[in-house]
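Consider the two complexes below, in which chain A is the common component and chain B and chain C are the respective partners.
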Partner chain A sequence: MLRKKLPLKNLLKKPFRTAALVLIAAFMTAALFGGSVASASLQNGLESLEKRLGADIIVVPEEAEAKIELENILLQGTPAYFYMDKSLRERIAAVDGVELTSAQYFLVSANAECCSVQVQIIGFDEATDFTIKPWLKETYSDTLGENEIIVGSSLSTQVGHSLKLYGVECKAVGKLDATGTGLDTAIYTTNDTVRTLIRASQEKGIGVLAKQSPDDVISSVYIKVKDGYDIAEVAGNINLTVDGVEAVRTRSMITDTADRLSAISGGINAARIAVWVLAAVIMTAAFSVLAGVRRREFAVLRTIGFSRRQLGAEVLSESGMICAAGIAAGLIVTALTVFPFGRLIEQRTGLPYLSPNAAASTGYALTAAAAVLITGALSSAYSAYRLSRADTGNILREGD
Partner chain B sequence: MKIKENIFGIAELLASAVLTAGSVSVFAACGEHEGKYMACHWAQNAVTLIGVLLIISALIRLFTRDNGVRAGIAVTQFLLSAAAALIPGTIINLCMMETMRCHTIFKPAVIILAVISAAVSGADAFITIRKTDRSVYVTEKAAA
Partner chain C sequence: MLIRAENLRKSYTKKGRSGRTVSALRETDIELESGRLTVVFGRSGSGKTTLLNILSGLVRPTEGRVLFDGKDIFSLADGELSRFRSRNIGYIPQGQSALSVLTVEENVLLPASLIGDESAAEAERLLDIVGLTELRNAYPNELSGGELRRLAVARALINKPAVIFADEPTNDLDDENTRLVLDLLKRTAEGGKAVVVVTHEQSAAAYADVIYRMDGGVLTEGKGCNREIA
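So, the complex of A and B:
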């Protein structure tokens, strides 16, 4: 009975020493678990962005800001609008190697009634669209009616509820899955509804969009390149033959993001490994020093009948309890930081960030816990061996 | 006032003080816009009010010696903290866009602090009620 309770009693008797060791284990757990979740979230976000863009090339107006604004819309959800003549779409479609084209029209709402932000409204052509429809089908299979909208996952508007834009009641008929990108904050609708919204904006005296109807202009053209054609070559041909536009390879846009993401992920991984190694060294040193300090205590235990095996088990039990407490604290603190503040991390880094699902997160938590337990056991194993092999008589005589 | 005896009371006071002060400063909800406040502002006010009540009850708990009263206060604090955690987004709607401050900072910070406060006061209530039961048992036994 005493032997079973002894490790816990020993730990409670020295609260500061125990707290310091628990803190190290918690720090190690937080670094391993938090680092894994953050890296996976960034990777998920990038994969989601890549899948979601769906097109090989995106054509935007030639103005220098257009490409940057498009990236801001896609990555950070910063609402923006830019326009080019609608006839350009036919000229782009005529370029050799272009298989499918679909135009989109960007509109920025005035502040929505519920909050002080502008919302990106994307008008798309249902007949030609191949980038949004595949995602809409997951939530909505019918065609969009008048004043019906599809909302991104970051809008709290629920399916079946209405949202007022320029005073027009728009009914949400579908909601998209989260992508961790700026696309989550947009509203998607047909060009007919966009026209209604523009008319409403004119009636409200918001003149900025007055002469820019989707009848005359478009914001971007999404292109699917025919099989066997080089995407870079097709993009180059569009830039050469169609004036006033810039064809951007979606892959190049993603590459820039992937490079930044890779640098951040690399930093996270390096910090994770550094913390792990440092914590392992500190724990080994701490257990080793403690083994020296506690030699007499263990010698006394030996004289009252503890076997060498039981002494070893005592040290390993203490280390296991310390690690278990550290793991619990580390996992709780990390889970309370990384998951609820995921959106904030996405905003601050400007990178797509999509938290892993519950199963994957549990996997990361279990891996981190196992790594800390094994590290703790290995750190204390040598001390356990030393203490169990020590010459009890000599140790007790040293104190005389 | 012995620190060891009041460790829960001090923790409760700290958690509620951070919740109250933070809800009007560091993690406040979205601010005024064109002279209008949004729904999240009222959620912030509700959280601040609960925070003030938690501070007052934590102070009373600190200066009370009766274990029964302490246990009662701890239970109340547990319930108030749970209510505070439910205010942003569940009881009172926040802004439409989940990228807004009230969703990204205010809501998670309030939930985390309220959960911490609930956990501390829950543990306090459990331990204090057990202590009270034991002292009642000892008194009754002595009287018998």
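So, the complex of A and C:
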């Protein structure tokens, strides 16, 4: 029916005017949807990091850089290594209130087949581990065999496939869930395999870390505190009684990150609201100006037999179509930028970043779409009212 | 269809600080019959367009009523009145009134879409009558002033209304186009419709069955020779 096609024809015959309004709607959608996704991704990353660390306290060597380097490994995936004497684990375990301890050994690979950059290799003790295996996405039935590894979610290596580390063929038997942290780019294996890798590196003349075998040193100890004990107190006791280590409450390590995240989220929200308000003002002004320009056109429609309601519907249909096109463009642009570039955002912000799942993302998209549609409808509502109530007789006379 | 207006009055309150009330139409009665071309002459600002807009249901009178076969059109709600208008009233506005985003044929068909009866054959027949068949796919910006006015006539006729109102239909047209448009309106009246034309075009008198003169909001029926009255 021609009347139903009229809004679309109006939009198509005025391409520049339409494109400008679609652009505003797209910008608003991108800001609302992109802002929501980015904000949620940072929040997810932090929550995931907290859960993923799985320990109440992490102990690292006392040297000044160790704690910073651990944060870099966790948050940005920057490979690093630092060591302390292996015997410290037993002393830490003996501190009152410590329930579980699990030591990890950090090694940095040469460029592996899987990756264009160096990756973090983490040797862990399967017998005592309580922080890695709970996050296995694709699990294996037995313990890790010789030269078997578990890979982080961001690595391209699939379960069942192999990759070469220092020329040693290592088979991936498990893959961890995504955390949005640096742990997603790490490779996990047993200390036996770590020893094999070190030997291989020596044979190849790379000689990495030759004097610091997992037989002698560890990089960190993850601690679970017994129920009823104060975590801060246990950490303090470790620092007091065990020389050469720094015990850090996992939560306190995350506090800095949480603070930065809170600031960035606040900035994102402020920008999102600013764009929303600005776009709403621009749209209202644009529709208002158009209402003035199109007074005669609507007066003619009235003489033909359009009711006030039909005139209002005409304006609202046009604004709805503009918003729909803007929403589609905004969602596509956001999906093509925010999701694929999550890793880049993570590196730039130095914060854990874990994109929301499909259901949550759909929810954010629908919310943004609804907000843009409602904003568009409200922006054009006044113009629709003005045009539908205008004095047709006067307008037709004004034109001549 | 018999159209009768009784005791029509229209006054406006002027915008601005004065808030002065202006009487655009003083107490007026008029009767329009099918098959007759009624011409209302008057100077600019005399109130003739106001009368036309009230008779066509576009503007609500301050007092009085307009009866179409005894039915007061201003007793209808806006939606009902609009439906009634699209079915029964054809309106030719002053000046250029084609929608620029529609082709000539689509412009003619637009009123038909309001009543759900888009007949391409009827549009074609009307375009043939007004001499725009060749231009059916053209856009209004490709048409001359006379062609646009003929397009407005075809659009007003598409729903086969009982009455046609034309506001200065020959304004700014050359003699040839003025004659063409008035011929069309005369033939429309002869086809059984009530046609009302408000104009200051003297030559319209020759086509009129009934002539009125509007002056300062007062309508008077002309008597005697048409040309003298005009």
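Everything that follows uses one rule, which is that the second predicted complex is superposed on the first by the 390 of 400 C-alpha atoms of A that agree within 3 Å, B and C clash if a C-alpha of one lies under 4 Å from a C-alpha of the other, contacts with A are read in each partner's own complex, and residues count from 1 in each chain.
The rule is short, and it goes like this: a contact is a pair of C-beta atoms (placed from the backbone, for glycine too) under 8 Å apart; a residue touches a chain by one contact, two chains touch by 3 or more.
What you are looking at is a predicted structure, and each value in this text was computed from that prediction instead of being measured.
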item	value
Combined model on chain A: chain C and chain B, fit or clash	fit
First (chain B), second (chain C), both or neither touched by A:Leu163	first
Touched partner set for A:Gly267, first chain B, second chain C, both or neither	neither
Which superposed partner A:Gly244 touches (first chain B, second chain C, both, neither)	neither
Touching partner for A:Gly145 - first (chain B), second (chain C), both, neither	neither
Partner chain in contact with A:Leu396 - chain B first, chain C second, else both or neither	second
Vertex chain A, arms to chain B and chain C (CA centres, degrees, nearest 10)	60
Touched partner set for A:Ile304, first chain B, second chain C, both or neither	second
Partner chain in contact with A:Leu155 - chain B first, chain C second, else both or neither	first
Chain B versus chain C, judged by how many residues of chain A each one touches	C
Shortest span in Å between Cα atoms of chain B and of chain C, once chain A is used as the common reference	17
Chain A - residues contacting chain C, complex	1-4, 6, 9-10, 12-14, 297, 299-310, 391-393, 396-397, 399-400
Complex contacts: residues of chain A adjacent to chain B	77, 111-112, 114-117, 119, 153-157, 163, 184-185, 336, 340-341, 343-344, 347
Touching residues on chain B, where the partner in the complex is chain A	30, 33-34, 38-40, 93-100, 103-105, 107-108, 111-112, 115
Chain A partner contacts - residues on chain C that touch it in the complex	49-50, 53, 56, 58-59, 78-79, 81-83, 85-87, 89, 91, 93-97, 99-102, 106, 109-116, 118, 155, 159, 167-168, 171
